[in-house]
Amino acid sequence: MTMQPLFRALSAFLLLVSALPAAMAEGRQPGVSPWGPDDEIGRLNLMTDESRANVLSRILGGKSYDLSVEYYIGMPSWQAAGDPHYRIWMTHTPEGTVIDDPMNLGVTMNQHVSYTGAAVSMYTHMGTHIDALNHFGLDGKIWNGFAAKDYAGDRGWRVAGIENFPPIIARGVLIDVAASKGKRMLPDGYRISRSDIEEALRQQQIKLQTGDVVLLRTGRMQDYDNAKAYMRNPPGLSYHAAKFLVETAGAMIVGADNLSLEAFPSELESDYVPVHTYLLAEQGAPIIELVNLEELSSDQVYEFAFIGSPLKLRGADAAPLRPTAFPLR
Amino acid sequence: MTMQPLFRALSAFLLLVSALPAAMAEGRQPGVSPWGPDDEIGRLNLMTDESRANVLSRILGGKSYDLSVEYYIGMPSWQAAGDPHYRIWMTHTPEGTVIDDPMNLGVTMNQHVSYTGAAVSMYTHMGTHIDALNHFGLDGKIWNGFAAKDYAGDRGWRVAGIENFPPIIARGVLIDVAASKGKRMLPDGYRISRSDIEEALRQQQIKLQTGDVVLLRTGRMQDYDNAKAYMRNPPGLSYHAAKFLVETAGAMIVGADNLSLEAFPSELESDYVPVHTYLLAEQGAPIIELVNLEELSSDQVYEFAFIGSPLKLRGADAAPLRPTAFPLR
Amino acid sequence: MTMQPLFRALSAFLLLVSALPAAMAEGRQPGVSPWGPDDEIGRLNLMTDESRANVLSRILGGKSYDLSVEYYIGMPSWQAAGDPHYRIWMTHTPEGTVIDDPMNLGVTMNQHVSYTGAAVSMYTHMGTHIDALNHFGLDGKIWNGFAAKDYAGDRGWRVAGIENFPPIIARGVLIDVAASKGKRMLPDGYRISRSDIEEALRQQQIKLQTGDVVLLRTGRMQDYDNAKAYMRNPPGLSYHAAKFLVETAGAMIVGADNLSLEAFPSELESDYVPVHTYLLAEQGAPIIELVNLEELSSDQVYEFAFIGSPLKLRGADAAPLRPTAFPLR
Amino acid sequence: MTMQPLFRALSAFLLLVSALPAAMAEGRQPGVSPWGPDDEIGRLNLMTDESRANVLSRILGGKSYDLSVEYYIGMPSWQAAGDPHYRIWMTHTPEGTVIDDPMNLGVTMNQHVSYTGAAVSMYTHMGTHIDALNHFGLDGKIWNGFAAKDYAGDRGWRVAGIENFPPIIARGVLIDVAASKGKRMLPDGYRISRSDIEEALRQQQIKLQTGDVVLLRTGRMQDYDNAKAYMRNPPGLSYHAAKFLVETAGAMIVGADNLSLEAFPSELESDYVPVHTYLLAEQGAPIIELVNLEELSSDQVYEFAFIGSPLKLRGADAAPLRPTAFPLR
């Protein structure tokens, strides 16, 4: 009897708690930018003219490394949610133009001037690409508290679009996890831990620094030309290792040679992509995926100037880029 | 009387000549590569590890320049032959995902993890981009004699596709023609001559070198946000000035801040895009268009390391790139 | 002093009133369906097996009329809000397939079996098409009160999508307004009034009946092959004439041979497309646009069986259809 | 010795024979139209005003049958050669329009007028569709001898495009092969023979007539909502049964409820799609695929007026259509 008021209070409390969004229960919410309320690029603010000049001044010269994959019909891509595959088609061919005459130039001109044009369509997260901070949020808000209901239009976000990303010129570090374990490729679904990373860095005799572009190698890129093999249950980064890379090691960008950086299924029950939401929404750290690290690995180049710039697709949540690595002295 | 046989012979000869394809009459045909029968990249062969190291070693540090424009619905693009406009659309929005639930995750998960994804479609010659050597040929063949009937498929060419272009790291030179004439912008349809170029270089106190990425400024980029104004009858490069830039001055790549490099209508009756066919098919010199030179101009930076790499769209005749310029010491 | 409470109340009231959405001020809001809370097709409920049997039984036989336009690159379409143009491209050509060999069949097979395939993309309101009831709503809700926030996903609406439209088999009536005025085409921007309609019906000696597919002819279709001319400031239906057609005359569907049924600018300050919101959201009456009435007009066929069915694009707000008209006895 | 000339002649002959295209060796080549050298629609010429009037006059009234499937992301489609999947996306949503304001109307207007627009892209052979006669040819030529090199442009064929198909109004006949065998669905890869067809017609007490739209039911449509199941190794029509349907029974169009009409692998070594090339190129008989026959089957309606018209996609090799069946008396 006397218990009833207490019981009621407890019920009310439990009801309240159960109604809390999962993120709050776990204390997860979009980060507030230390770079101010208008910040849309997060940790890319770590780059300064000085940091760029510093890394550029250390370029060794000689060989450079192309870190990008090719785009082709049938290439691997994220398809679980019904996103578009990569498509390329010809809008003009030398022989077709003679038949179509789309500019009313006549047969002779079209036979003489042999015109080829193509068009492409793609999901923005395709091939070597970088995610903007609006790609994943928590509870309707992205990094720095921008709300979807205020900024997410039908042709991109009004804030935090990839066009705000400056050219990325920073120290890059390859963490060759596969090689450090003496493996050609990490096993299917393998989740890279903090100690895996620390061990690889120890072997490579490299220390991470604040502002680094950290690129993890699982070896999966060796299957890039076989889309099914490439996409199937890839190894990836664990949630706690992601936390280590940013909060302890100071990474500006985290990337890998696999499809989606993280491994599945998720380590958090309330979040199917916790590494994405952690990096993008909580930390403001962009993610690079499908980066080709094979040649760096094979030459054991662990430290380099990373120079790469995403296409400025206004409002977009990601864009392709073709980065180049220049070994440092 | 005695004239008759001669007259007949002359008639026959004239008939023969008039039946020759225009290109042969003018002696224009695809160039044979000095880099061998397999060459697909033409003058990009001028880049070597040494040339790259040389330009990189001269980077001043400090400010860098983003030479790329933004992609957005309504942006300027070549539309005369019915090519696709730029499109971006959302495949996932935070609120739409709650309604669609495309991965069968349930309302709670979709409300907590706020997913944004976009897709794009575009003509390959859109925004800041570089043309591959298969973009224009003469009489059915492109640079180095590759024939459309042998190599031009429905999803790109089997040779000379843009994916073969290496990262472009070379000395870049801005030729600010508009500024050299004391103009905000060259007039509509103005055709840049060899002497215009020589005069601008004289004023800038810069000499061109073999292997340069030569970028011409007409000032038209100031109208980029007004597509109609940007596209209407742009100033551009003359045929003879193009010949000067490659054959005399040694340019590796020729680019400009306008839509199509050259000015229209064509100077050659037999060819509606003679600067394109000359550079791409005859000389193997890639073309960059829609490059944003405003900031370089305003800072009077005429010499810089040009670092930029087109997306590797397999088989494509062009690809977007986002180049960066680094002033040299 | 004593005025203050009254003043406060008045202020509060004025504030309230000024905050009312414009539609409420004008008394405009989505209609509540007389066919029940689940109704998604509005006035199409007027069709029954009996109504269909009745019209089919009256078909005269002999000539039938194709009411559809062709789809081609450069065709007229609504572009004011940046919607996609019609595109068609080849995914396989007989000659390209030999080069690409996309199914690994070899040259001999590909030369023997000559494969052609094409793909298309389009805005759903393109060519001869019919609007679903979710195309336009008022204050966030469509016909029958369905709210965008509950049902509008990233790949269509969960309710009222065009796939719910049954095959349309009903009496069709051509109202040849242009002909009734002795004109080849109504003038630019001309707004068809109720009396224009009544006069045309009088001349045609036709009475409208409940459940009719009413098709208005402006004559604009004669410019269909000239997209610029077709799209420029078309004549169209006035708001009050639309009310007459549905509320007095009983039309089930209202259509016309122009781009957007109504004329612009709008007659209502608060609504830029009042004929659309009236028909779709208030009355549940689908709209057909770009219907080709030229041949019916020229043969003076004013009454016919209209048989046409939109593609069942799940969730879509419109779909193309190719209707046929069969004169009645 | 004396053998040598003979041997040489024989060798030359054998060389010649081996160089013959496979089609000629088998005597297969595109048909010459009995309807004249300009004919682009083949057996659709069997329709006349009289044949249409005849079938329309026999319509029973009452229930009609929708033979079309829905289009949705994830729907079954032919993907073996890298063709585009069906896509639908929103170009305008009620909430997104408020954020984007693509027509510069302001927040109040966009909140009041709730605008939804979508766009789609698809391979033309998707959903319920009909193939044009240019879809498959033999040795570079299609029905009636039109050559790809003369007519196949980059945006469709200049001849035999689907826009030439008139509205299809003809007697339709369901041949319910699955039901005639007492099966829910024909087994995977089952090849329907001539005697299967004859037995089904005997059970149904129906005779085929010249000009019929013949629709075969395998039962596979019951798996339509499960794309993987629907697409996997479907049952289909055999080459010899196809010959029977056209040459003996007089079919104008042949269709089925499966993905590609025929069963795979092919019965002819030289042709991977012999039923397609036979019907389209040799006989000028259009093919309908993915037609939904479930309701007709369940009501045992075997004879009906078939009314359906493909979208007029200029130059295209196929187009979607949404046919309706009306039982005959």
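Which chain is which? They are A, B, C and D, in the order written, and residues in each are numbered from 1.
Here is the rule we go by: a contact is a pair of C-beta atoms (placed from the backbone, for glycine too) under 8 Å apart; a residue touches a chain by one contact, two chains touch by 3 or more.
In this text, all values refer to a predicted model and were calculated from it rather than measured experimentally.
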| item | value |
| --- | --- |
| Selected pair, greater C-beta contact count between A-C and A-B | A-B |
| Distance from the mean Cα position of subunit C to that of subunit A, given in whole angstrom | 43 |
| Separation of subunit A from subunit B, taking each centre as the mean of its C-alpha atoms, in whole Å | 29 |
| Sequence positions of subunit A contacting 2 or more other chains | 73, 82, 84, 87, 89-93, 95-96, 102, 119, 121, 149, 152, 154-155 |
| Graph class of chain-chain contacts, one of line, ring, star, complete, other | complete |
| Subunit D-touching residues of subunit A, taken from the complex the two chains share | 73-74, 82, 84-85, 87, 90-93, 95-97, 99-100, 102, 121, 149-155, 158 |
| Interface residues, subunit D side, partner subunit C - complex | 21-23, 49, 52-54, 56-57, 59-64, 66, 68-73, 80-84, 87-95, 102-103, 105, 108-109, 111-125, 127, 134-142, 148-149, 152, 154-157, 163, 166-167, 169, 270-273, 277, 281, 307, 309-318, 320-324, 326 |
| Of all residues in subunit A, those that touch subunit C in their complex | 73, 82, 89-91, 93, 95-96, 102, 119, 155 |
